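The structure appears below as structure tokens.
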Amino acid sequence: MRRIRYREALREALREEMQRDPRVFVIGEDVGRYGGAYAVTQGLLQEFGPKRIIDAPMSEAIIVGAALGAAVVGGRPVAEIMYIDFATLAMDQIVNQAAKLHGMFGGQLKAPLVIRTQQGTGRGAGPQHSQSLEAWFAHVPGLKVVMPATPYDAKGLLKSAIRDDNPVMFIEHKGLYALEGEVPEDEYTVPIGVADVKRPGNNVTLIAYSNMVHTALAAAQELSQIGISAEVVDVRTLAPLDMDTLIASVTKTRRAVVIHEASVFGGFGAEIAASLQERLFDILAAPVRRLGGLHVPLPAHSQLEKQVVPGVTQVVQVVKEMIGAEVAVRSTSA
Amino acid sequence: MRRIRYREALREALREEMQRDPRVFVIGEDVGRYGGAYAVTQGLLQEFGPKRIIDAPMSEAIIVGAALGAAVVGGRPVAEIMYIDFATLAMDQIVNQAAKLHGMFGGQLKAPLVIRTQQGTGRGAGPQHSQSLEAWFAHVPGLKVVMPATPYDAKGLLKSAIRDDNPVMFIEHKGLYALEGEVPEDEYTVPIGVADVKRPGNNVTLIAYSNMVHTALAAAQELSQIGISAEVVDVRTLAPLDMDTLIASVTKTRRAVVIHEASVFGGFGAEIAASLQERLFDILAAPVRRLGGLHVPLPAHSQLEKQVVPGVTQVVQVVKEMIGAEVAVRSTSA
Amino acid sequence: MEDRDTLVNLYYTMVLIRRTEEKILELLLQGKLASSMCHVSIGQEAVATGVCSAMQPQDYLTSTHRGHGHIIARGGDLRRIIAELLGRETGYCKGRGGSMHLVDVQLGHLGSNGIVGGHIGIATGAALWSSLQNDGRVTVAFFGEGAMTEGIFHEAANMAALWRLPIVFVCENNQYAMSLPWTHATAEHSFARKGEAYGMPGIEVDGQDVLAVRQVALQAIERARRGEGPTLIGAQTYRFLGHSRGDPSPYRDKEEEARQRARDPIRLYQEHLFREGIMTQADVDALEAKVAEVIADAVRFAEESPPATLDSVLEDVFA
Amino acid sequence: MEDRDTLVNLYYTMVLIRRTEEKILELLLQGKLASSMCHVSIGQEAVATGVCSAMQPQDYLTSTHRGHGHIIARGGDLRRIIAELLGRETGYCKGRGGSMHLVDVQLGHLGSNGIVGGHIGIATGAALWSSLQNDGRVTVAFFGEGAMTEGIFHEAANMAALWRLPIVFVCENNQYAMSLPWTHATAEHSFARKGEAYGMPGIEVDGQDVLAVRQVALQAIERARRGEGPTLIGAQTYRFLGHSRGDPSPYRDKEEEARQRARDPIRLYQEHLFREGIMTQADVDALEAKVAEVIADAVRFAEESPPATLDSVLEDVFA
């Protein structure tokens, strides 16, 4: 199958949806003439013109607000917030307005709005350009939160997000834009709210999303060398969360490690770990483990940055500990 | 001992710290002439004058920003955000600026800043005036997050927060302002980062904070009627979190229920539950349970609002299930 | 000159707002409101009335925490308004929004809001869509002067003027934001200057004079519809009562209050109508009777309606 | 008239900024920078230089993502600047801030910032504290014209003017915010009008003329120090290079670029100094040699410094 990059997959999704539905438009900073800070919207201004690819002034709150208002009266906007760190400037519009609009107004209004943004480390972009804030948004009723890990999912999920009648936080990862992967030429979508088993396995489930799916896959590969069969489940959508798929996997493997780049403390991994132990207490052979970033402002220094977020070695190490510990417990209790 | 209300305890803390340290000042909307939307700062304008109790224009971002800047150059500001829902307008200043300032600038600057705010249900204030957002702030490195449940703690913790050299989110609860409790006349402080056993017990630990401490205490009382001895631990400080106290309690009781008003999904209870099962997997007699708000925009209707957040009945019910289930498991496996 | 119907309707609308809010205060004191949040606009009726009278049916508006007047002036259903306040399933938000979250999408009323300034974003976006679609609609954003110092106002005003969006920013300057006097909110009080910063005209008008408000609004709305961009209207008015229940406004000068209350927009307009021979005392009495009936009917409807339910809350989280 | 030392120092500072940034670009191309973020201010040196020359030692400033010039003009330690960019423990932020987060609290430099407009809050707060303490200090907030459309600018400008805070808002209008031309950012380009909206004077100045910038800054700073409140300075300048590495600025007109580059502030000032007989070519050569030496020393220092460590990151989360 054809291989394209994550950023190209996203661009295709935008282009196809804009062709399919004249109500779809893009608004954000530097999305037109510049083609997007991470080049996702490159060429779209030329193709669709300035009424559908709108370069906005530097005003994050009104970018989201204007997209929301347009959505309320019939548009299907895709607002871009260049870095998720700048979503801090639009939290009222996202959380108090967009997320609540449908429920708060008794179902009278709806907000079919996508907020595309990107987050994470990998470019030494420093404390104010590298945060991972997905946990905030997943905690807000009325928001959907999508975090694709592959070009295939990126394209299919973005198309679904644009067609969704609810506000969707669509969180990309700055380290993934150049990643290549198989993407069919034919039209397809990936449903929101469905996790995906990216690699089957039996001894442990590695639960991850966004860039950490690749860390998990690499760890699974390494673990297979030492006879440990790890299943990798890509959460893909944090809200609504597909607990069924996670439960099915962990019911089988009886062990789970949740991995994300965001700070472990108060991170979304806690939700998954807490749920799993609530639901599978009698099945789990070991506690659900969490791996995530250190609870520090992210250093701009690329080398330090790497040390702050989880890597393959740590995943492998934790799995070994889990399986080793369990063997140890089993042998002492025997 | 003398009994005073939560709001009076807070006012005393402000007054005493302002008397003790001329660098302390208050800035916010309607904190002076109006005395605060919840009357916490009543009378302080008359006592300290308009240079220390500052009525700001309606500009939440610059209220926090100005407090932060003053803190950086020598002030000890207490900024008031009237409802935590409006902190959405100041998230950049809180998260990207205040929280990161010390670490990001290599330790050169510090931000001894308190952000007082209040949250929660209880007044039918509706979807944009009743949220519980503590989980967002606890997830941010560099912020301390304090949530007092009683007049005693409110006073002692606010004094500590004002003396702390770091930004502290001091989150009060709108339903607690009229609550009376014992508060000594003599000077005291309550340390940040230390949980408190509010009621000792043996069979289950009810872990709560803010208003839910009282729900937990009432539930413990009710449980005692049917022979179940519940320990109530008040977390008091979410960040830094005193896991030691929680672990000591649950090690003893072997069962834990975490209770907060915020939406369960992605709430801070997940952090506590995930940590407990990671640390006490072999000790727990039952999964750690979580009780929290339903994942919906909060209805303004007071009656509906009550149904959205956890109540005593639910806590009792969950504990009975836990203990019952375990008895059931024990008897079938016997 | 305006025709008689228009002139009488303006009076009717102002009286309807006033009497409805008086009834709401009564219901509040009786403990019948489902939510604690309630802000009345008594004294400010001429602004909502004058502006809404200048709008076309296809136009949009967004409103504030003090929004009863806007939805009534827009022709909102009084039954659904009262039902909302009493927390009934038949209310505009099925009882879960309350006084601060009224909305009627059929009337192009895109919602009132509890976040001061929060809805200005939605208004700007509605106008953006109208501009992109060239659909001939105009959006009116009502807000209090308190919202003028919020960042969102700045971002919205700048974007609207930059793109010449068909929107009218209507600031109801009732001189206070809770306890903060407008004199303590900003150093520059000229709406002309505030508008010019964005390249948009700023026009001040006596907000107690419904005909003056209507004229200014007609011009601004037509300007917007012609594609010439937004206008900032500063309507000078006064909040006759406290910010909300339990606020006796000790921070206000009693003389100032008396002076301002003397300029009751309903009385001023009534005097005008009498002077011009457009209405008589008998007409007014008949109109008051009709208003009383409409309100009584709405209250009856609301009280007989089923209460809001949690089930419907759970259903409406996602569209 | 300014004395010779002052005039030569202005030239020295501008050259030091220019040559340092040229060196930084070289280090960047060599892959030696620890972080990917780096924005140079080549072409804009007269603004930082003129404004900082007008400040007193006790004054404060805050700066932007394009902030090398501000810290150098304020007398920052070049060794610690380069060490920061190379990710060394001896850098201003112990290597963890990089180009966007320079700071020198000893010099009253309260930090540069990655959030456009974010630091304007800190500047306003520093000025608020000075006003409360009556300590005679003035704060300068530098920002690009892109920040002018962010809500925080509005809130800060309004508060500062309202309370007559001792602050000077210095907008370095280099005509672009990434790819967005100032003409597409707002409909009103007059800084006078933008300032007036808050009741504050707005003054435009040729940002390529260091002496003009200095004069305007001296007046604004003295005004602030006298307690007369803030000033908005709009310094018209130009970003000679792309927004950051890898931005060839295809969105800019090449003729415009040529025209603007012809007004190189260093060359303009050099011509002035030659014309007035204040410096000769020989003086310039000697000065360039000295600058080269200072930079070489800083690079050497940085390269010999130990790398930043995770331990120190962990230590500094809380004060």
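Order of writing sets the labels: A, B, C and D. Residues in every chain begin at 1.
In this section, a contact is a pair of C-beta atoms (placed from the backbone, for glycine too) under 8 Å apart; a residue touches a chain by one contact, two chains touch by 3 or more.
Just so you know, these numbers come straight off a predicted model, no measurement behind them.
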Where does the A-D interface recur among B-D, A-C or B-C, taking recurrence as more than half of the contact pairs being identical by residue number? B-C
Hey, how far is the Cα centre of chain B from the one of chain D, in Å? 41
When the centre of a chain is set as the mean of its C-alpha atoms, what distance in Å lies between chain A and chain B? 29
Report the inter-chain centroid distance for chain C and chain D in whole angstrom, where each centroid is the mean of the CA atoms. 46
Two or more other chains are touched by the chain D residues 95-97, 101, 113-115, 118, 149-152, 154-155, 158, 162, 184-186, 313, 317
Where chain B touches two or more other chains simultaneously, the residues are 57, 59, 61, 85-86, 88-89, 92, 96, 103-104, 126-128, 141-142, 295-297
Touch-based graph of the chains, sorted into line, ring, star, complete or other: complete
Please give the residue numbers of chain A that touch chain C in the complex, ascending. 25, 51, 56-57, 59, 61-62, 64-75, 77, 92-93, 96-97, 101-112, 141-142, 144, 165-166
Along chain C, where are the residues that touch chain B in the complex? 34-37, 87, 93, 95-101, 113-118, 146-147, 149-152, 177-180, 184-186, 247, 250-251, 307-310, 313-314, 317
Quick one: which bits of chain D touch chain B in the complex? Just the residue numbers, please. 60, 91-97, 101, 103-105, 110-111, 113-115, 118-130, 132-133, 151-152, 154-156, 158-159, 162, 312-313, 315-319
List of chain C residues in touch with chain D within their complex: 149-155, 158, 161-162, 164, 184-188, 193-194, 196-200, 229
If we count contacts the way the header does, which residues on chain A are in touch with chain B in the complex? 85-86, 88-89, 91-92, 94-96, 99-100, 103-104, 126-128, 135-136, 138-139, 141-142, 239, 241, 262-263, 265-271, 273-275, 277-279, 281-282, 284, 286-290, 295-297, 329
